[in-house]
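The two complexes that follow have chain A in common; it is paired with chain B in the first and with chain C in the second.
And now, the complex of A and B:
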């Protein structure tokens, strides 16, 4: 479970996050929507303890991120927009290193299993990742999350720039993880993907949560309309 | 966890081609430095031996003459006599019976033995001769082969292993660690790692440990190889003790450069600017500051020129020759016991020469002492200012450890002066008493044996440099480690 309670972050005199409340339950894929600068990445960085909040609390499975960052990081997996790996290591070596950093260890067959389960071709497993496409690297990223047995996933625009097929495969993996009971928080610009994959949607603007929706309740067209209204600043009547 | 990252980092290092190139260059530099250092020590030792053999040969020749003469006297009867200088060769007693001739015309070469590590840090021993001729001549004559105006040039020494350690090893370290953190940040892997349960301090510590391990292997490897190839007296405990200190000093010095790389990485920006900043600091600390300190020393305490000494010596000599009569009188006045019986104004050439030498020595000595004093002050100033640059501390430490420091040389010179006095005392007394030297007397000539300073004295002089480097290292390493507590991975 991921919880943000009145979370604020100020960079100098710029308020990046103005009191965010957010809960992502196990089995949820929560999609954060919003323009660049809305505070999506800041939220994820706060959950990762990459930055410290100005005030408020971020919790992972009930543990305060500020109080015990190393404990919360055992439960988290992070997939950034670009999964960055060690180019001079193979996919398997990268996975093994990150899995061991997470405190896990598996047999070589198990590592291969994670990678192929995430859709990486067999021959790519032992290749150096320097030549990997973005889609392949995102797959390694998910396999790292799998190997880590993460309870909560933080994804920062993981599918931007992926071709539709790769994007679709990625979404399938997320749904598998969701069904295994993970709490998933994903920042994205892809309204279509948010509706398809997500269970809930939060629309952010200038550091504030404007509206939360269940994807069951709305159509594609509704999401787009509500989103655009918020972006134009006249959607207050939709606020729950 | 630490072990895991250390192994990973070491493997990453091993896959960095640039490091292998630098390592290869380092190997070449060390081989050349070992060869060059070894050669300069070999040259000294060989020179000392050749000079000693030559002078001992001269004396043995004189001794052989006296033996022949003694045999002749024994066979033919008569008195064993003292050779006056003006005696024609072949007739009468040989020169070997004349203590003045033996003491003045042959020299005893005294040698400062190199320590087992001397070849590793040549220091100034390539210009400060480690063997000196002691005879009845003046101190000035004795030391005229010394380059007295030797600037305390800590920046540009000879190409020895100390040079490689002080100048080149930091470059290797900086090449390994200038992008310690920034490369991970730029590659994006830093965020990937720190999303795992590992603190940035542990990450940093692991990175440093893995590099330190590489460094340790390089230093120990090269050190042992250098010692085995150009070190001497490998069976002596002293050599290994000094080698231990050498390793300690080297590790302390290199630890500073690691700490500096960490500092710059914590406060720095991208790899390129980190590299530039570190290269700049290297230039300032290793090249510029030592030069400035050296300049400061020679400006604040300028040594009188060598020319002045020579001119003063000439003047003294001219003066002495002009009124040698009165000088001779003065000499006899000082040494009444030496006045030859019934020959109050002996015009013996050697007596005269000795009187001359004496007056020259008297005239030049103050200048000479002043000269030494200025050099000592320069040295003291460098010692005082060493803390401004780890390179100066390191140079002083390595010279001290290798036994090529100015202090050890002075310790040697003091003994040489004492020996010079002993030599003069022995030969001039016998000469002035007109005592004919017998073959057996040759065994009683003064002998020089260098007595090494106690190791505690070396340690005492070494401690400030080592301590200085330790404190500098701790200061530089603690600041970034405290700062890392607040390090924000994702600055806006």
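And now, the complex of A and C:
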């Protein structure tokens, strides 16, 4: 479970996050929507303890991120927009290294299992990742999350730049993880994907949560309309 | 955890093109230096042995003559090159390799290899020591500078830092990985050098070779550790790998090139040595004036009176020893304190210069290491000073033995006092002077002498580790 309680972050004069409240339950895929600068990445960085909040609390499975960042990081998996790997190590070597950093170790067969389960072709497993496409690197990124047995996932625009097929495969993997009981928080610009894979949607603007929706309750067209209203700044009177 | 990090770091380094090239160059240079040094050492030992034996033989075969004249004929002391001089040549090129030992005069060492070398020699010797002092840090910098800043730039650092690993584990793992990559390049070369040395046929076995090699290895390991942790510290503190490299190369040039030159200039300024001509003239004048202001001949008149009284005779010709020889020996001895003072002044000035240079080791770790390396290899000034003092001891004994012999064997000539009546001594008499043997300073004394340099090196290592831990702890992903 991921919880943000009145979370604020200020960079100098700039308020990146102005008191965010957010809960992602196990089995949820929570999609954070919003323009660049809305505070999506800041939220993720706060959960990862990459930055310290100005005030407020971020919790992972009930543990305060500030109080015990090493413990909360063990429960988290992070998949950035670009999964950056070590170019002259193979996919398997990359996976093994990150799994070991996360405190796990598996047999070679198990590592291969993770990678193929994430859709990486067999022959790519032992290839160096320097020539991998973005889609292939995202697959390694998901297998790292799998191997980590993470309770919560933080994804920062993971599908941007993926072709539709790769994007679809990625969504399938997320749904599998969700069904296994993970809490997933995903920052995205892809309204279609958000409706398709997400269970809940939060629309952010200028560091504030403008509106939260259940994806079951609204159509794709509704989401787009509501989103655009918020972006034009005239939706606040409709909210509530 | 730390071993996983180390293994990944090592694998990455070894697969990188950087490693193959730097390792190949390093191995090539080290092996060349070691083998060339070994060759040079072997030649030097043979020449030294042959020269010393030849000079000793000449002393014996100089032909029958008056023993005091034999002392004038004199002998040479040739400085043996210690077995580790093949690794660190130290000041050997500048210090002189032979001393002419004769009656009445203490001489400087002659035969400085530097005077026979071309201008290229100014860039320094290609020795194992100079390569380890200059190129080993460069190898460490090249293999390690991307450790943190490179990962920050490529973006892997974010993923790594999201895994729940502590910054300190990351630091130790990287240190271990980079350290291993460096050692697999350097250690085999050093082993080859050591084996070559062990197989040499003409070794003058220096005292405690095992200990010497251990202490040297330890000092160089500490030096490598200093650069390893500084590299990791700077890599953690800087945002871009190119900045890391610039800072580190700057420091490397400072400690490896600038400071050794600057230190010697500074020490010359703070503790100047006298100009040779003036120093020589001063000593000569002091000899004539007498050490304590009483001229030697006046002093000898007093001594003669005392001698006559002691033996209860009225004139020197009645003494039971050859008076000419007594006079020669006495005048010789009146010069001892003058030599000791004037040569001592120069020796002390050099020693003080070295102390100044060593103190500047606070700014540059290459300085204390260089001093330790030379000292343990037996090519530093302590070794040279001991050689010079052994040669002077030998000279005084040689002259004393000859004058004494003359004094006892020519008593019957006392009355005649004529130069045409010199006694003639032969080889058997000359053989009462035992051949020159150089006793190098004790290893324990050398280590004690360099206590502060070992301490400086240890302090540098502690500071480098401290800085690396500090830098690793404050790695921030704030704006990346």
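In this section, the second predicted complex is superposed on the first by the 238 of 240 C-alpha atoms of A that agree within 3 Å, B and C clash if a C-alpha of one lies under 4 Å from a C-alpha of the other, contacts with A are read in each partner's own complex, and residues count from 1 in each chain.
Here is the rule we go by: contacts are C-beta pairs under 8 Å (C-beta built on N, C-alpha and C of every residue); 3 or more make two chains touch, one makes a residue touch a chain.
Since we're looking at a predicted model, the values are computed, not measured.
Aligning the shared chain A places chain B and chain C in steric conflict.
Using the contact criterion defined above for the overlaid structures, shared-chain residue A:192 touches neither chain B nor chain C, since it reaches no partner. Of the two partner chains, chain B and chain C are each touched by A:80. In the superposition on chain A, A:100 makes contact with both chain B and chain C. Look at A:51: by the touch rule set out above, it reaches both chain B and chain C. Residue contacts after overlaying the shared chain place A:16 against chain B, while chain C stays out of touching range. Looking at chain A, you'll find residues 45, 48, 50-51, 70-71, 73-74, 76-78, 80, 82-86, 88, 97-98, 100-103, 144, 148 touch chain B in one structure and chain C in the other. Those residues of chain A lying in contact with chain C across their complex are 45, 48, 50-51, 70-74, 76-78, 80, 82-86, 88-89, 93, 97-98, 100-103, 141, 144, 148. Contact residues of chain B toward chain A in the complex are 1, 4-5, 8, 12, 15, 187-189, 191-199, 488-492. Chain A makes touch with chain B in their complex at residues 11, 14, 16, 41, 45, 48, 50-52, 69-71, 73-74, 76-78, 80, 82-88, 97-98, 100-103, 144, 148, 154. Against chain A, in their complex, chain C makes its touches with residues 1, 4-5, 8, 11-12, 15-16, 154-156, 158-166, 477-478.
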